[in-house]
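A single structure is presented below for examination.
When the chains are written out, they are named A, B, C and D in that same order, and each has its own residue count from 1.
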Amino acid sequence: MVSPILLIAVPLILAFSVPLWGLIHKKLEKFVPLIAFGFNTYLIFRLLPFALTERTISVVIANIKPPFGINLAVGPFGLFFALIIQLVALATAFYLLSYDPPEPSDKFYMLFILLVLGSTGMVLTGDIFNLFVFLEITSISAYALTAITKTGPAAEAGFKYLLLGSLGSTLVLLGIALIYGSLGTLNMAHIAHRISGMDSRLVVAAAILFIVGFGVEAEMLPLNGWVPDAYQAAPIPVVALLSGAVAKAGLYALARVLYTLIGMPNIIMLLLTFGILTMFAGELAALRQNDIRRLLAYSSIGQMGMIMLAFGAFGVNSVFGGVLQAFTHGITKALLFLVLGVMALHTGGATDMESLRGFGRKFPYWSMLFAVGVLSTLGLPPFAGFWSKLALIIGVIIDGHPTYAALALIATFIEVFYFARLLSVIYSSKLSPKLVERSIRNTTIPLLSATFLAAIIIAVGLYPNVFFDLGDSASRALLNRAHYIFSIIGHYLQSMGGV
Amino acid sequence: MTGQILWAIFMPILVIIIGLIYMGLARKITARIHNRYGPPFYQNIIDVIKLFSKKDVANHGVMFSLGPVIAVAGMVISLLFIPIGNRPLLSFNGDIIVLLYLLVIAPLGMALGVGEGANPNGAIGIARALTLMLGYEVVLVIAAVAVMIHAGSASFMEIIRQQQGGVAHWFIWPLFLSALATDIALQAILGEKPFDQPIAPHEIASGPMVEYGGKFLGMLQIYHAIAIIVETGIFVNLFLGGGSLVWWFVKSFAVFFVALLINAVMPRFRIGQAFKFYWTYPAAIGLVGLIIVAIT
Amino acid sequence: MFGINMNPYELLAAVFGLGAILTYLLGHFDRHLKTWLTLITLALATYIFLHLPNEYSLESPSLLFGIDKLSWLFGILTLGLGTIVAFALLAYPELSPNFYFMFILNIGASIFLLLSRDLVAFFLMWELMSWTIFAMILGDGGAERGRAATKYLVWSAIGAAFILFAFAILAKSTNSFEWSGIVAGISQMPSGWRVAAIALLIAGFAVKAAIMPMHTWVPDAYAESPHPFTAFLSGVLSKLGIYGIFLAFFVLSARFELVNMPKIFGTHIFGYILAWIGALTAFGASLIAIKQEHAKRLLAWSSISQLGYILFGFGIGSAIGIAGALFHAVSHALFKTLLFLILAGVIKRTGTDRMAELGGLIKKMPLSFIFAVVGGLALAGIPMTIGFPSKWLIYEAAIHQGFIFTTVLIFAASTAVFLYYYRFVFSIFLGELHANHQDVKEVPFPIWFSYILISIPIFWLGLFPGKAMQIFAEIAEQFDLPAVTNFTATTITTPLGSFNALIVGLVFFASFAFGLLLYFIGGRTRKVHQYDTFLAGEADEPVKLHYGQRFFYFLERELKPLYRISVEKIYQFVAEFTRFVADQVRKGFFCGNAQAYLYYMTIFIVILVFAIWRIKL
Amino acid sequence: MIRNIFALLLILVISVFLASSIASIPFGTEKTTVGKYYLDKTIEETGSVNTVTSVVVLYRGFDTLGEVTVLFLAATGLGAILFGLREKRKRKKERPSLIMRTGTRYLFTAALLFGAYVFVHGHLTPGGGFPGGVIVATAFLMLFLAQEGFRVSEKGVKFVEALAGMTYVAIGIAGLLLVGSFLGNFLGTGIPNKLASAGIIPLIYITIGLKVGSEITGLLQNMRETTEYES
C-alpha cells in the first residue's frame, strides 16, 4: 500500500515550490495545483480498494506509535471524504489552467493547494490537535482566498469569514484543551477509549465547543452567516472548493468528533435539529434569491443541513445516506459553480437571473451541464443525486426518525421550486441583452473540467455499485467506534494490560 | 323474430303519428285555456306534410343536413329501447342508464347541425338547452337512482314487472317524492314553460330551429313528436307501471297533459333562474326521496 | 434474439437508451430523421415488450423487473399511443431533438416503471418519468411555459415525496424492497402505519393522476406543453398515476382488507373516501371545464374530471367498479389522446386555442371535425364508442353498491361533459369561420392518419367491450380481486342490468337509415353562404357573429358560489406565506452584519449549553 | 443598549459554564499520560536534551510542520491581500537618526548570527526554530526601521522560504523512504548534549528557522511599504 501521508506531503512540497516554478516561467505556476491533485487523485484511487474493507489503519508519523506520536487514522470514512475533496480539487485545478488568477498569482496557487491540503489533512488525521492544525490551514487559506480579489465585498466577506472562523477555531482549541486537561492525551482513539471516565460535564462542554467550532466550516445554522457573502465574493474555483472541500472537511470533523470522540447518542442527535434548521434556513433563503451565486450558496447550506440531519439520525442507514449525499453534493455544487463561472464570462461577470435569461438557447452544452447539476441536486435519476437522496431519506426513516425525514422532504419542495425557476430562466426563449455571442476566453478547458464532474455524476447515477460499497463501508466505519479505537491504539492497550 | 322486426318498423311510424296528434292536441288545449279557438288536432300532421313537400330549402352544409337526420335517428333508437305497452323490444339489450345515454344522441346530433348553421341565435339556444339539461339531469338522475335502488334493478322490464297487479303497486306511491321531482324535470325535458328557454321564440327566434326550414323543420317536428312519447313514456314506465298499449298511451297523455296545463299558465324563467331552480327545490325533493329509499 | 446474447429486459433498456441518444445526435442533421428514429425505437421496443419473459433481476444496483397482465395492459397503452403520437409528430419537424430525447426517455421510463417489481426500481423510473415531462413542458419556451413547468415540477416533487416516504415506511416495516415481499409482510405492519403508507401512496400517485386537490398543476402544464405531447401527457402519463393507485389500493390493501375499519354499504371506509374524492374531482373539474376560454385548458379540466371517474371506480372496489375503472382508464387514454391530437392539429393550422378566435373550421378541416365528433362521442360516453361501456360499468357499480350521493355527482359531471364538449366542438369547428382562417388547410397526413389509428380501437372496443373485459378479468384474477365474469364479446351483464353494445350499434344504423329516408323524401336543398342567416331583419348586411366567448355565462353566474371554493387559494396562501418567511430568513437572518453573526454564535452556544444540560445533566 | 446588555448576559452564561467546567479538572495531578511519557523517554528515544524541542520536532513534528504551514499561510495570505494596496496609504515620517542608521548596521550581523545560533541549538538549549527565525527577522526589521529605502530582494525571500519549506517536507519524505515513517528520524539519536545529536531535529530546526525568518521578513517588508519618509 502506498503511504497515505503522501496525500499531504506531496501537495505541501509542491505548494512551497510554487514561487520556484514562477521563477522559471510565470505560466508554469498554474500547473502546480494540477500536478498536486492529479497525483493525489491517483493515490486516492490506489487507496480506494482499501477503503472498501471497513478497516482503519494507523499511519505512524516520526516512528512514534500512538498515542504518543501523531498518526493518520486512515479508514474508509476518511478516505471517502478525501475522495470527494480530491475529485473536486482535480476538476478545479484543471479549470484553473484557463483561469486568470487574481494577483499575486503565485500566492493564489499556494493558498489554493494549501486549502485542499488542509481539508485532506482534516479527514485523514487521527490526532485531535493535528485536526486543529489542519483546520487552521484550511480556514486561513480560505479566508485569504475569499478576500483575494481585494474588492470591497470580497474584503468584507473575508472579514466576516475570518471573524466567525477564527472564533470557531479558538473554541475548538479550547475544547481540545479541556480534553487534554482531563485525559492527558490527544490521540482521538485514545480519547475515545478514555472518555467514559471523564467528567460528563466536561465532555458536554467540549462537545459544545466542538460543535460550534466545526459548525462554522460545516455551514451549520447560526454560524453560516459568512457563507453567502463568501460564495459571492470569492473567485469561482475557490467557491467550488469551499463547498466541495471545506464544508465537507468541517462536516467530517463534526461527525468524527461527535461519533468517535464523544460518542453520546443524545448529543449526536442534536444534529437532527440543527440539520433541519440549517436546511430550512438555506432553502428558504434561496427561494427568492435572484443572484445565482448566492442562490447556490444558500442551496449549499440547505444541502449541508440535510447531510447533518442524516448524521444526526445515529444509524448506519442514515449515515450511509449522509455520506453519499456529501459526495454528490460536493461534486454537484462544484460542477454548478464551475459552469456558473463560465456563464458569467458570457454576461460580463453578472450572475443574476435576468442577465442569464435564455442562456440555454445560445449555449446548449453548457446549460446541459448545468441542468445535470441541478437535476442531480434535486435527486432525480439517472444522476448520482437520486441515489444519495433516496438512501438518505429511506435511511433516516429506517433509523426511526420519520418526522425528520418528512421535514426534509418538505424542505426539498422549496428546493425544487427555486431550481425549477432557475432552469426555466436559463431555458427561456427570451434572451437577455447582456449575453454575448462568444466569451472573451476560450472555454475548452472549463468545458472539459465541467464535463469530468458531470460524467462522474452520470456514471455514479448509472452504476452506483462502487459508490454504494464505498458509502457502506464508510458509514459502518464511522459507527464502529470500538474497531477504530482498537485498530489505532490496540497495541498500546495490550501493552498496558488491556486498560 | 319477424314479428318483432315488423313491430320495430311499424312502431316508429305509429308513434310519430300519435306524437303529432299529441302536439296538435297540445295547441288546441292551450288555445282553449287561453280562451282562443286553436287549430284542429291534426294540424301538425298537415304541417309536416307541407314542410316535406317544400322545395328549395336553405342548406348550410353536410353537418347541417345531418343534424335533423341524427335527431330523428337518435329518438327512434331511444324509442326502441323503451318497452311500450309492456312489449319489450330491445330493452333486454340495455337498461335505464343505456337509455339515458341513447336519449342524448338526438339532441347532440341536432346541436351539431345547428352549430354549422352559424346563426348565433341557434348557438345561444343550444347553450341554454345544455344549461337546462345540466339542471334537470341531476334531478332526473336522483329520481332514477331511487327507482333503481328501490327495484334493485336497472332493467326496464324488471321495473315494470314489479309494478304489475294494480294501481297500488305503482312506484309512484312508495317513490312519490322521486316521481314528483321527475315530473318537474319532465317539464324542462319536454321544453314546456316555464322551461322553454332554449326555444324562446320571442328572444332568440326559436333558437336551434332558426336556420331550419322545409323538410329539415319537418324532421325536427317528427323528432319532437317521438320525443314527447319517449319522455312521457319513461315516466309511465318508471312510476305508473307501464300497461297495455292503449293504457300506456293514455297514461302517457295524462303525463303530457299535466305538463301542458302548467305550460299554458306559466311565464318563462330566465335561464339562470331555471338552472338554479332545478338544483335547489326539485333536487332537494329528489334527494329526500332518495335518502328515504336508501334507508328503507 | 438479434444474435445478441442479452436479456430482453436489458435489450429493451438498450433500445430506449440508444434510441434516445441516437435520435438526439442524428436529429440535428435532418428535420424528419428524429421522428423516424423515434418511431423505429418505439417499434423495436414494442416488439421486445411483447416478448418479455416473466422476471428479471438486475444484480447491481439490485433492481427487480417482471411483467404481469396489468403492466402488460398499461404498457401496451403507453407504447401504442406513444407510437401514434410519435407518428403525428412527423408533422412537427420544428420540435427540437431535445424534445425527442426526452420523449423516448419518458416512454422508456414509463415502460420500466410498469415493469418494476421493487420499490427502488419503481421510484427510480417514476422520477425519471417525472422530470422528463418537466423538460418537455419547459422545452424552449417563454415565461408562461417556465411557470407551468415549475409548478409541475414542484407538484411532482410533492407527489414523489409522498411516495418515497410511504415506500420507506413499507420497506422498514416489512424489511423488504420487493413488491412480493411487501405484499407478504404487510399484514404484520401496525395498522396505523399501514393506513398511513397507503394513504400517502395514493396521495402521491394522485398528483400524477390529477386527482383533486393535487390537480392544480394540470391545466397549466397541459396548456403549455408542446401540443402533440399534451395528448400523451393526458392520455397516457396520467394513467401511470392510476396504475400506482391501483397498486397501492388493491395490491397492498386488498391483502389486509383493513379489517378493523368500519364498512359503509359493504365498502370499507378507505374506498368510500376515495370514491368521494373521485366523485368530487369529476364533478368540480367538469364544472370548471365549462367556463374555460382556451380549448387546451378545457380539455385539461376535462381530463381531471375523467380521471376522477377512474378513482371513483376504484373507490367502489367491487368487481364491476374495478373493471369499470380500468375500462375507463383505457377509454380515457384513447379518446383524450385523440381530442388533444385534434386540438394540436387545429393549433398547428390556426395558431391559437382561444375558442373565441376560432370557429367554422368544419369547412376547412372536415376530417378533423369528424374525429372531433368521434372523440367527443367517446368522451360523452355515447353508446357504440368505448366511452360508454366504461362509464356504464362505473354507474352500475355505484348504484349496485349504494353510493347514492356520489352517483348523483358523477352523473352531473357526465352531463357537464355535454356542455363543455359542445362548446369545444362548436367554438372550434362550427359557427362562423373567422376572417383570419379563410385559407386554413386540413391537417397534414401524419396527424389525420393518427386520428384514424386511435379511432379504430375506440369503435372496436365500443362495439365489442368483451375483449377488454377479458383482460380486466384476468388482471382481477391475478391480484385475487373480484372479477366480472358475466360477459360475452358484445354483452356485459351486471346484477342491475345488461348492455349489448353490438345491438345498440346495429339499431343505431337502422335508425339512421330511417332518418336518411326521411331526408330523401323531402325536397332538394340549396347551398347557401354561411353569412346568409336569419337575423330577424336586424342587420341589412351580413355581420360576423361567432358565439364563442363566455359561452355559458348565464351558467357561470349561477355557479359563482361553487367556483368560489378553490383549493388553489389555499396553495397560494401557503406560497405567499413561504415567500414571506423566505424573505424574512434571507433579509433578516442572513443580514450581512458580522456583529449579528457573532451574536447568533453566542446565542447558539447558550442554547447548546441549556439543551445539552437538559439532556445530559 | 438592550442588545448589549443581553450580549453581556449571554457571555456571562457562557463564562459561568466554561468556568464551572474547567474548575472540575484536577490540576497538577499526573493525569497527563502523554506528558509523563515524554518526560521519561525523551533522551532515550530522541537524543535531544531539550524535551520541548523533541516534543515539538519529533513527537509532534507533524503538528509543527502544520504550524509552519499556518505561519506561512498567514504570511502568504497577508501578502496576497495587501498586494497592490501598498501604494495607497502613505504616511509621512521623520527620518531615522544617524546613530540609528549606523548602529543597526553593526547590530544586524550580530542579530543574524544570534538567530542562527538559537535555531541550530534548539535541541540543546531553550529556543529553536521559531524564536531563531524571529530573531533573524528582527535583524531585518532593524534595517527596515533605520535604513531609508532598504529592501530585501523579494525573489530571494521567496526562494529561501520555498527552499526551506521544501527541505522540511523532503526530510519528512526521506524519513518515509529510509525508516518507513514520515518525519522518521533516519539519522539515529547520537550522543545527547552534543551539537550533532538528536538526529533530524537540528536539521528541521534549521529549515524552520530559515523559513520563519524569511517569512517574517517578507511580511515585514509587505507591511513596511505603506510608509514613506519625509524628505
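Convention: contacts are C-beta pairs under 8 Å (C-beta built on N, C-alpha and C of every residue); 3 or more make two chains touch, one makes a residue touch a chain.
What you are looking at is a predicted structure, and each value in this text was computed from that prediction instead of being measured.
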Relative to chain A, chain with the most remote C-alpha centre: B
Between chain B and chain A, distance of the C-alpha-averaged centres to the nearest whole Å: 77
Inter-chain centre distance, chain A versus chain D - centres from mean C-alpha coordinates, in Å: 30
Centroid spacing, where centroids are CA-atom means, of chain A and chain C in whole angstrom: 43
Computed distance of Cα centres, chain D from chain B, in Å: 106
Where chain C touches two or more other chains at once, by residue number: 603, 605, 609
Numbers and ranges of chain A residues touching at least 2 other chains: 201, 204
Residues of chain D touching at least two other chains: 17
Inter-chain touch pairs (all): A-C, A-D, B-C, C-D
In the complex with chain C, residue positions of chain B that touch it: 12, 51-63, 65, 68-74, 76-77, 80-81, 90, 92-98, 101-102, 104-105, 108, 111-112, 115-121, 123-124, 126-128, 130-131, 133-134, 137-138, 141-142, 145, 148-149, 152-155, 158, 205, 210-211, 214-216, 218-219, 222, 270-272, 275-276, 287, 290-291, 294
Contacting residues of chain C [partner chain A, same complex]: 60-61, 98, 120, 123-125, 127-128, 130-131, 134, 138-143, 145-147, 149-150, 153-154, 157-158, 161, 164-165, 167-169, 171-172, 578-579, 581-583, 585-586, 589-592, 594, 596-598, 600-601, 603-605, 608-609, 611-613, 615-617
Of chain A, residues touching chain C in the complex: 159-160, 163-164, 167-168, 200-201, 204, 207-208, 211-212, 215, 221-223, 225-226, 228-229, 264, 266-267, 270, 280-281, 284-285, 287-289, 298, 360-361, 364, 375, 378-382, 386-387, 390, 393-394, 397-398, 402, 405-406, 409-410, 412-414, 416-417, 420-421, 423-425, 427-430, 463-465, 468
Complex interface listing, chain A residues touching chain D: 3, 5-6, 9, 12-13, 15-20, 23, 59-64, 67-70, 102-104, 106-108, 110-111, 114, 121, 127, 129-130, 133-134, 136-137, 140-141, 143-144, 147-148, 150, 155, 158, 174, 178, 180-186, 199, 201-202, 204-205
Residue numbers on chain D that touch chain C, as the complex places them: 3, 7, 10-11, 13-14, 17
